[in-house]
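Quick one: the structure is below, questions incoming.
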Amino acid sequence: MDLTALARRREVVLLVLIALLLAAVGARAPVFLTPASLGDVLTDTAILLMLACGQMAVILTRGIDLSVASNMAFTGMCTALLSKYHPELPIAVTLALAPLIGFCLGAVNGALIAWVKIPPIVVTLGTLSAYRGMIFILSGGASVVTHEFSRPYLDFPRQSLFGVSALLWIALVVCAGMAVFLNFSRTGRSLYAVGGNPLAARYVGIGIERCQFLVYCLSGAIAGLCGYLWVSRYAIAFTEVAFGYELTVIAACVIGGVSVAGGIGSVSGCLLGGLFLGIIGNALPVIQVSPFWQMAISGFVILCAVIVNSRSEARKGKLILRETEPPVPAPLQVRPETPS
Amino acid sequence: MTSLRYEVADRRKAAAADFWLRWEVLLLVLLGIVMLVNSRLSPWFLDYYNLLDSTFNFSEKAIMALSMTLIIVTRDIDLSVASIIALASVFMGLAAQAGAGVPLLVLIGLATGLLAGFANGAIITRFQIPAIVVTIGTMSLFRGIAYVVLGDTAITSYPAGFSWFGQSYLVWSIPFEFVLFLVLAAVFGFVLHFTTTGRRIYAIGNNPVAARFSGIPVDRYRLVLFTLNGLMAGLAAVLLTSRIGSTRPNIAAGWELEVITMVVLGGVSIMGGSGTISGVFIAVFVLGMMTFGLSLMNVPGIVMSVFVGVLLIASIAVPILIRRMLRR
Amino acid sequence: MEILALSGVSKSFPGVKALDDVRLSLRAGEVMALVGENGAGKSTLVKILTGIEKPDAGEILIDGAPVDFGSPFDAWRAGITAIHQETVMFDDLTVAENIHMGHHPTLGRGPFRRFVDWRAMRAHTSAVLARLEVNISPDTVLRELTVAQKHIVGIAKALSHDSRIVIMDEPTAALSQHEIGELYKIVAQLKAAGKAVLFISHKFDELFAIADRWTVLRDGRFIGAGTIGDVTRDELVTMMVGRRLDQVFPKVTVPIGETVLEVEDLSHPTEFDGISFKLGRGEILGFYGLVGAGRSEAMQALFGITRPSRGRVRIAGREITVRNPSDAIRAGIAYVPEDRQIQGAILPMSITENITLPMVDRVNGGPVLRPKRERALARRFGERLAVKATHWDQPVANLSGGNQQKVLIAKWLATDPAVIILDEPTKGIDVGSKAAVHEFMGELVKSGLAVILVSSELPEILGMSDNIIVMHEGRIRRRFRRAEATAEAVVTAATGGA
Amino acid sequence: QDKVRIAFLVKNLGNRFFDAVRDGGTEAAKELGNVEIIYVGPTSATAEGQIEIINSLMAQRVNAIAISANDTNALIPATKRAMDRGIKVVSFDSAIASEGRIIQVDPSETKLIGAKQVQMMADAMGGEGEFAILSAASTMTNQNNWIAAMKEELKDPKYAKMKLVTTAYGDDQSDKSYRETLGLFKSYPNLKGIISPTSIGIVAAAKAVTDQNLVGKVYVTGLGLPSEMKAAVEAGATKSFAIWNPIDLGYTTTQIAYNLIKGTVKGVPGDEVPAGRMGKVKVGPDGVVVMAEPFTFDKSNVAEYAKVF
């Protein structure tokens, strides 16, 4: 790939932007660039990265999942209550149950979207409210706090293996799994087809409904897992956990170059988009920008990123005039052998 | 001309099922049920003054739902409306601190909304970026600016007469806000359903490319609609600020989703090109009356959101399922 | 030997009986022509054969055994592939993936046996493309290809699978003369390899050139079938439309009047350059070229869709600036675009609303809608073009391709233009409607309009135009008067020769 | 005879502090008999949400509304209307400005609260070094008042060696508060303490200190709930923290509201309101009733109170 083509790849542009951002923050506060600090940033962003991967699969099929944050909070509350009332249960149960609960919530979205054929934004807008309300009903509005959790519940994500926390390992596995799924499985590839051109996808026999259902389940399962991780990380479960976080997740995807029109997006782009937001969120307090600026700056950055993206996307026309060779291919021979 | 001619009727014969499956009819039935259930469950519900007062709870959102309807009909969406309210309210507050009078305050509120909406529209049409993406960005940006300006302070120094817009009643104890909503609903309904402008809006929503090839300045329409939507948010900011008499950066938090819920429940397709103002109008009351009834029973807002979410999905799913069954 | 047989197949859509007790049979090593007017049900039949739609009744037999296609994948496995009427491709994916989507090759061995085998996929793509003797890299993203190349990929996709039955639904409608020749060769190749080909086309010349047998549908019903040698063109047409059509290109020559449109040096940085021509009252000016020659681009610039970098446009001697389509409409230019579904019709809206859209203010005499006036106008122009519909409030989406095109022409005639640009007006239209459109062009020029006809169909250009302009790679290559234009000279110019 | 209905309108639901307030209210209701407590609050802590609820309470013609306000001024038009219709409005905890209520029940005095926290910080970090404040949303009145009071208290020469380096805002969200705390550690490597006058912030800050293995180096103090802070105290991240007794607060507020309804007092400055087991409380200038000094919790008593609230 030549240099200009390389420069046109969104991932490369983002990588450069992130490097610049790090350099700028590092210049103001060198402490931010220490490995320990960068590790913290990564740990802090891990949940966002996983959620962004799940969200990307959904957006690939021209969908959107606005209910991730509510799903996360609900699942988080379920696991928290479980930990509170059954502290004896091994952590493996929580680890299995969290994605399962999330999966079920996602499956409700998926079924309504794929088979009842309600637009994704409507369904997930509805479940965004409904799941959030269910937390309140489930918990009676009470929160579960630090000392009420069982030790393993809180400690597991912080355990480290080869110097990397379990939380990061989980994120790594989820994101790598997603990348393999999207690039190397037929189903993963069909997601691109479903989003790129649903009609054409139907014509080649791809079960659109199946794909839609699948992505919401997947996004739901990831949200569920993240629900446990989130609650465990901050050691508190209450109704408002991760309130409004769905938009951050979507923003990460958008910055990472996932097209909301469907069919375009990569796990690497998504991860970079998430990191970008994560670094900003973590850097502002460090470089002592007034916290009041944080929201405005993220908004500004999102706008800049999408405008830059749209510029590099802009179609350069068909360039009819530039073609110099007349399109006269050699005459075709009639060859009788069977097509393979 | 050659040709064998076909007999082509002017319009389709309407079937009874068509009427009963019309969205507005379904919503009216739903509204009836809501009113009935509420009046059964709460002795305070069917009270003239209570009902009128309850309109304070949704009038501002309903006004924004009107222009949001147009935006969604043209296949766009605006997630930044609530943030525009915050921004407009902040600028009004600053002006009030500087001693501006009531007319100037209103003007500033409307102008801020207008400009913010224009900024949305300009970015969307100039760079051809999907509206949902741009307005996610401006949603943070606008509210972020409000935080930057206000920080940890609140502005409460509004002139005395300013409270009129959000707190006054007209004849028969009807709140001014509500009357304004009714008037605007009539205007929007007329424009969307009985004018050529409305026709063009539907054309854009159904097929923006073909609309452009038909001589409709699509991007200009979208720009104008986003600006209008901003203006309506500015108006809502005037009403809300006047009603609560104070400005904080977190004002109207989360309203964007409530407004969109009203529109979608009103039968406006999120894919653009279809939906009516009358549907949205009824949906406003369905939601308003339902939440009012629930609040009379002191059901917490967060539990209401379960009702709203389920209602939203069910109201759309049920007709689809019925149609599917009828087709069998 | 019969490898595919259909009997008693029926299919209804809400309000339309698209197929009614249809039968069809295909034999190995032969080309079956399926003909019928627009809306006769041809594409619906294709969709049933490829498992996209399920028939309401009837039976499909393959090798004498009944089959039931639950999904397109079943049909594909049964050895049926199709080039569909609509281009159904994935613009953001590579050529290789476009060809293999839905049935990616997998590694097949080891722990990763379910993984997509990208290497094999590329290699296979290269092989298929090489067989078609085209030079396209398997890794190219489809978006970067020209229209013709995309079509080739579509054909490659159908051929990539070892299928026994290949269906081609109007494959030549968007191709230029040259590529049509290539396609004929591929059909011959398939035939020789013992495949059965079902070929759908509205162009009789090609049917007589390549088909062995024919089947006619009319209004969703089976009308007849037979061997191509035993039938004449007229007989086929009569069966299709239920009556005789005598003239193919009813050229009406009216004296060319004063110049209404004058274009001088219209240019664009990347798409076309130095387009100049004059157009007089009553003239039909044909624009010929290969697909992607820049004709549509130039016309769209004239119509204000794209902004030219330089050049002048004069209408009736007065210079005008066209910044957007509404300027062009006001100046009296109408443009019927080539892409019906995307640029032309607003599918979910009614026939009436479509027809009145470009001039909705004028029709209603103000900003307030007057349904009666609108419907009267729609009826007037709809009937003039013999649109087949059940009522004028019917959504255009429910019409067949040909009838959609008629609605579009009606829409633009209703603007009362001085110049009408018809971009591929008969693409994918059946003979009956085509004749109607051609005849109509005669009426237009008689009534004093000037017509620009952009077409990739050589007989149409030669038969209808007073003057012909041939474009090649964005520039005007040659101009012909009607009398001096021959097929050879025009094609030579279009392919870049002298 | 009809029940006397007193509504507790809190900042937002799902907050243990307010749940405890309600329990106090219920206790008083039981003592008084014939009193019904309605416990309501918006989903998220906004003034608009509270106004909607005031409208519905007005429609239900409750006898009194006790409010912990999300905005000092924004509720005034609504509460004024309520008072016009004969509903007694009192505010507690977070005040409504005086024209919008009859009585404000302050759990403690702002000055005391500020002083208390600075004092606890000084104890924890040995009277010298850098510390920071982690507040909730930048818009909350009581937070800002307390911070102002802290700054005032710091002027006392005995705190001369203590340096307030910055104020961060965690928006009363756990994740944001946590992140802000991490940011503080990075920006101020010499940081020795964090005061968080909000129950969510203090938990998040203590968690961050524990997670970063900074126990013993950085101390967290401020206002928190014993049940939520138990773990932090046991881990050593927090030596002591304070809070007033929400049960007493709810109890007193109910008693005051009841007396207003019955007309036994008007609620003007100088009035003495009988308040059951709390004895008589005195209405101060501006209609403010002040309760006691905040109560301090540490290792010795946190476990016991954690069971209560």
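Residue numbering begins at 1 within each chain, and the chains themselves are lettered A, B, C and D in the order written.
In this section, contacts are C-beta pairs under 8 Å (C-beta built on N, C-alpha and C of every residue); 3 or more make two chains touch, one makes a residue touch a chain.
All of these numbers come straight from a predicted model, not from anything done at the bench.
**Q** Taking CA centroids for every chain, report which one is farthest away from chain B.
**A** C
**Q** Any idea how many Å lie between the Cα centroids of chain A and chain D?
**A** Here the centre of chain D sits 38 Å away from the centre of chain A.
**Q** Please report how many Å separate the Cα centroid of chain C from that of chain D, as a whole number.
**A** Distance between chain centres: 73 Å.
**Q** Can you give the whole-Å distance between the Cα centres of chain B and chain C?
**A** So the centroids are 42 Å from each other.
**Q** Send over the residues of chain D in touch with two or more other chains.
**A** Within chain D, the residues that touch at least two other chains are 13-14, 43-44, 138, 169.
**Q** Can you tell me which residues of chain C touch two or more of the remaining chains?
**A** none
**Q** Among the residues of chain B, pick out those that touch two or more other chains and give their numbers.
**A** 147, 150-152, 254, 300, 302, 305
**Q** What are all the chain pairs that meet the touch criterion?
**A** A-B, A-C, A-D, B-C, B-D
**Q** Can you list the chain D residues touching chain B in their complex?
**A** 13-14, 38-44, 46-49, 51-53, 55-56, 58-61, 71-78, 135, 137-139, 141, 144, 169
**Q** In the complex of these two chains, what residues of chain B are touching chain D?
**A** Listed in rising order, the residues of chain B that touch chain D are 42, 44, 47, 50, 53-54, 56-57, 147, 150-154, 156, 163, 166-167, 240, 243-246, 248-254, 292, 295-296, 298, 300-302, 305.
**Q** Using the touch rule from the top, collect the residues of chain A that touch chain D in their complex.
**A** 29, 31-32, 37, 40, 44, 136, 139, 141-143, 145-147, 158, 230, 233-236, 238-243, 281-282, 284-288, 291-292
**Q** Show me the residue ranges of chain A that touch chain B in the complex, using the header's touch definition.
**A** Interface residues on chain A, with respect to chain B: 64, 112, 116-119, 121-123, 125-137, 141, 239, 244, 247, 250-251, 254, 260-261, 290, 292-300, 302-303, 306-307, 309-311, 314.
**Q** Taking the complex as given, what residues does chain C use to touch chain A?
**A** 50-52, 71-76, 84, 86, 88-93, 97, 101-104, 106, 112, 114-116, 127-128, 131-135, 146, 148, 159-160, 162, 178, 182, 185-186, 188-190, 192-194, 268-273, 290, 292-294, 297, 472-475, 495-496
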